[in-house]
Amino acid sequence: MAEGMSFPTSLGTSTADEIRLLGQDLTADLMGKVGFGELAFWLVALRRPTPSETRVFEAVLVALADHGFTPTAIAARLTYLSAPDSLQGALAAGLLGGGSRFLGVTEDCGMYLHEALEGRDPPTDDAGWDALALEVVTATRAEGKYVPGLGHPVHKVQDPRTPVLIGIASDEGLRGPHLQLFEAIGRVHEQVLGRKLPLNGAGVCGAALADLGLPVELLRGFALLARAAGLLGQLAEERRRPIGMDAYLTVDRNAVYVDPND
Amino acid sequence: MAEGMSFPTSLGTSTADEIRLLGQDLTADLMGKVGFGELAFWLVALRRPTPSETRVFEAVLVALADHGFTPTAIAARLTYLSAPDSLQGALAAGLLGGGSRFLGVTEDCGMYLHEALEGRDPPTDDAGWDALALEVVTATRAEGKYVPGLGHPVHKVQDPRTPVLIGIASDEGLRGPHLQLFEAIGRVHEQVLGRKLPLNGAGVCGAALADLGLPVELLRGFALLARAAGLLGQLAEERRRPIGMDAYLTVDRNAVYVDPND
Amino acid sequence: MAEGMSFPTSLGTSTADEIRLLGQDLTADLMGKVGFGELAFWLVALRRPTPSETRVFEAVLVALADHGFTPTAIAARLTYLSAPDSLQGALAAGLLGGGSRFLGVTEDCGMYLHEALEGRDPPTDDAGWDALALEVVTATRAEGKYVPGLGHPVHKVQDPRTPVLIGIASDEGLRGPHLQLFEAIGRVHEQVLGRKLPLNGAGVCGAALADLGLPVELLRGFALLARAAGLLGQLAEERRRPIGMDAYLTVDRNAVYVDPND
Amino acid sequence: MAEGMSFPTSLGTSTADEIRLLGQDLTADLMGKVGFGELAFWLVALRRPTPSETRVFEAVLVALADHGFTPTAIAARLTYLSAPDSLQGALAAGLLGGGSRFLGVTEDCGMYLHEALEGRDPPTDDAGWDALALEVVTATRAEGKYVPGLGHPVHKVQDPRTPVLIGIASDEGLRGPHLQLFEAIGRVHEQVLGRKLPLNGAGVCGAALADLGLPVELLRGFALLARAAGLLGQLAEERRRPIGMDAYLTVDRNAVYVDPND
């Protein structure tokens, strides 16, 4: 650190009369020419997605944007109720729930499939995929772990997002190995686990993002980006038709004191 | 609160086999058919934007997504360095800097123009706009307040985003009263303030968003959404080519103890 | 920035065999010798509080630590439910509600009293305090603003914390001008506002902190520190006897779709 | 959820004229009578600590409160620079760095020792502790994992906090099995790892907190509470003698653009 100190970046830099981003001229090459979803992809992947890739990518973001009164949406609304002066705080509070349990499945599923595929030649037919899926699910079960992307508390038979996203990826020629393995897991897991579970939407989104070549360690980030838009919608609605105060009072007025030693 | 307790929403709801969002069927009507920027607009405005509106809106998001090593980007990277297990925490830390000073200009400027226009018939020619701008800037000056959207630490003569965004809005027939008043402020403020300042990019974004009819109290939210994509890019780069440790050590190794009573 | 770059601090610094904090040797002078509340005071005020000051200061922190199922406590619990892997995220989410509305009164009240006292000789008897209070409340009313620290949604007649904290400050010889003005406001405001409101606990805490000489712009910070302890208690209880899932389901299961155009 | 809906808690509840916390009357039993550190312990452990326990507990909090320009302190200051209107956001941003890497050692070490001791009779002499430590370190090494609490980037020979905290615990009769096992690890690890590393301060704090009977899954929470006080000190100093702008400019002005394909 001294004379030679430097901080390398391929993202935004600017001079008095030019702003550059990703090696492009922001105003001449990007504004009005690149969609927001496209840019988000580009910022992480360092390459502009094709129109087909953009369509699949944005379908994923749309699928993940809002799920109504999730714990994260309620947390954001309660924070906005308490601190209406800080929209950024309410949004951040909502995103902080984007962890392992409610929003992590996208990343967990993408990583799981990615690891299962690593160092292998992908099968060339459904029988091959089924055999691989069976091997993978059996191994996971043997380790006492769970297979991510299976089951959903509300969509107990089928998650409506799953076939639709697979269809979009298929139309665009982007139904790659992660989606194919995930589908095969959907066909074979019952043999190992003893019961049929639906492939959930968060999981299929992870598989689709992995097929787009996005880094699997950052898939949670795309779920968070999608959720940022959803939370903005939640906060706009909280201004228009608030529920935060009622949610809070419902809990507080039904508080029951319990002896700490019980 | 009791039997009749209910929490109204127009956003996401779901049943065992359907997911609805904004009154649409998520899988049949939205996925693969609506872009992510379009959906973000829709979630707040409760109406689908036209293609022209979407182009202006996404140009704004693209303009605001990343400005390189801003305090927020560095904060996000340092948080990721400390807690690499929690991507959501690093993203949230970055967004928490989206307050009054570095990211607030978009909202401040949109609100300022909105209030100036409230209850008036918009002028019909440049002379009329100039007269209104002069009145507004003079009044602001008299109150000892500053006019938001003027000046930039780096782009001292012209912010390259300003003419480009005005051009895009103009092409799309969306150069409305907020942008026109902002442009007029750009022409006349020197008469009042005694020096010529550029209209900055954050300000022109606020004016453009206000012209799209988005609620001015939430404009900061769109800057935050744009920044969420930029921060994701920053965190992806921090994984690929980290600077957080160097940034931290540069500060820590140059720490100098000062007597607290000095 | 270059050779001469330096970052001054009076807080923590360390060498291979010593850690210094506030100009003290951490291990020889502080650990085991200074209480945690004392250190928190010292870190902001840059001087060690006296035992009397510590007692008042800690009584304030104890008073503000936990108020049960507040919006911030529920937000922290919901975040922990969603992301149990990140205790720091749940704690941060809870603190983010420490804004203008539910937790800001302490700071608002301290600042209000501070500004009212600035540049004046404090009165020497109750009649003098009452006259000043009357003047201040009348002026606030005339500006259409509200007097911070008056009224409480639950403690409609008297907030039990108010007389107790004044008593502690009095016992310790620390009932200074901020508390005295606040008490006088309690006596006279009915003449101006037309109704009698209790002096609330958050307000009296702000007055007491201001009397301790702590910087009024940072009083919210002490409320946040107190709340950090309370939120830790809430999260410990969420592990032991969870309510987050029930709180979430209560809202989600009672969601009612409303047409966005209504 | 309906008639019978209830949310149990042993923490704060209130009625019109009483506030209860932990089964105590807040104003009669706690304010002015319980220190802040005592209360923080009580809120998690559900029992009031003894004076000896309080002394060890507060020594730990004091030890962990501030380490100068850590990544978390810098992140908090940069956030405050960007959004000075939201002290809670700056504090939250700083705490969000309290994850696995810089602040997690306390919890990791406490848990590690706790698991090693589970289901065993603690040894009765140093030879017994050394044998157990050897077994534990050998097993950890065999699994390819690292032993938490060993080594420090600055205190390469001895962390000055370690002997002091052990001394305080010893004086108070609270040098329990976790500390004793940790000390034994300090004596024997060189035999297994091939080099001598110091027992670090964060680790010894984790051992001491575990010996106090605090839940090991929440030890990170106490490190966060301690850090909340330290961050408040950092933010107070940022107001008084700011370094955020210089830290930001040091990085930004030394940014070097790198082709994304390199």
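As written, the chains take the letters A, B, C and D, and residue 1 is the first residue of each chain.
Here, a residue touches a chain if its C-beta (ideal position, glycine included) is under 8 Å from a C-beta of that chain, and two chains touch if they have at least 3 such contacts.
This structure is a prediction, so every number in the text was calculated from the model and none was measured.
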If we look at subunit C and subunit D, which chains touch each of them? A, B
Chain hops separating subunit D from subunit B, counting only touching neighbours: 1
Farthest chain from subunit C, going by the mean of C-alpha atoms per chain? A
For subunit A and subunit C, what's the span in angstrom between their mean Cα positions? 37
Where the CA atoms of subunit A average out and where those of subunit B average out, how many Å apart are those spots? 23
Rounded to a whole Å, what is the gap between the Cα centroids of subunit B and subunit C? 31
Identify all positions of subunit D at which a residue touches two or more other chains, and write them in rising order. 5, 7-10, 13, 68-69, 83, 85-86, 88-89, 92-93, 96-99, 103, 241, 243, 247, 250-252, 254-255, 258
Under the stated contact criterion, what part of subunit D meets subunit C in this complex? 1, 5, 7-19, 21, 26-28, 30-32, 34-37, 39-40, 43-44, 55, 58-59, 61-63, 65-69, 86-89, 91-93, 95-99, 103, 154-158, 160-161, 164-165, 168, 201, 215, 217-218, 220-222, 224-226, 228-230, 232-237, 239, 241, 243, 246-247, 249-250, 253-254
If we count contacts the way the header does, which residues on subunit C are in touch with subunit B in the complex? 5-10, 13, 20, 22-23, 46-47, 83, 85-86, 88-89, 92, 96, 250-252, 254-261
Touching residues on subunit D, where the partner in the complex is subunit B: 2-3, 68-72, 74-75, 78-79, 81-86, 89-90, 92-93, 96-104, 241, 243-244, 247-248, 250-252, 255, 258
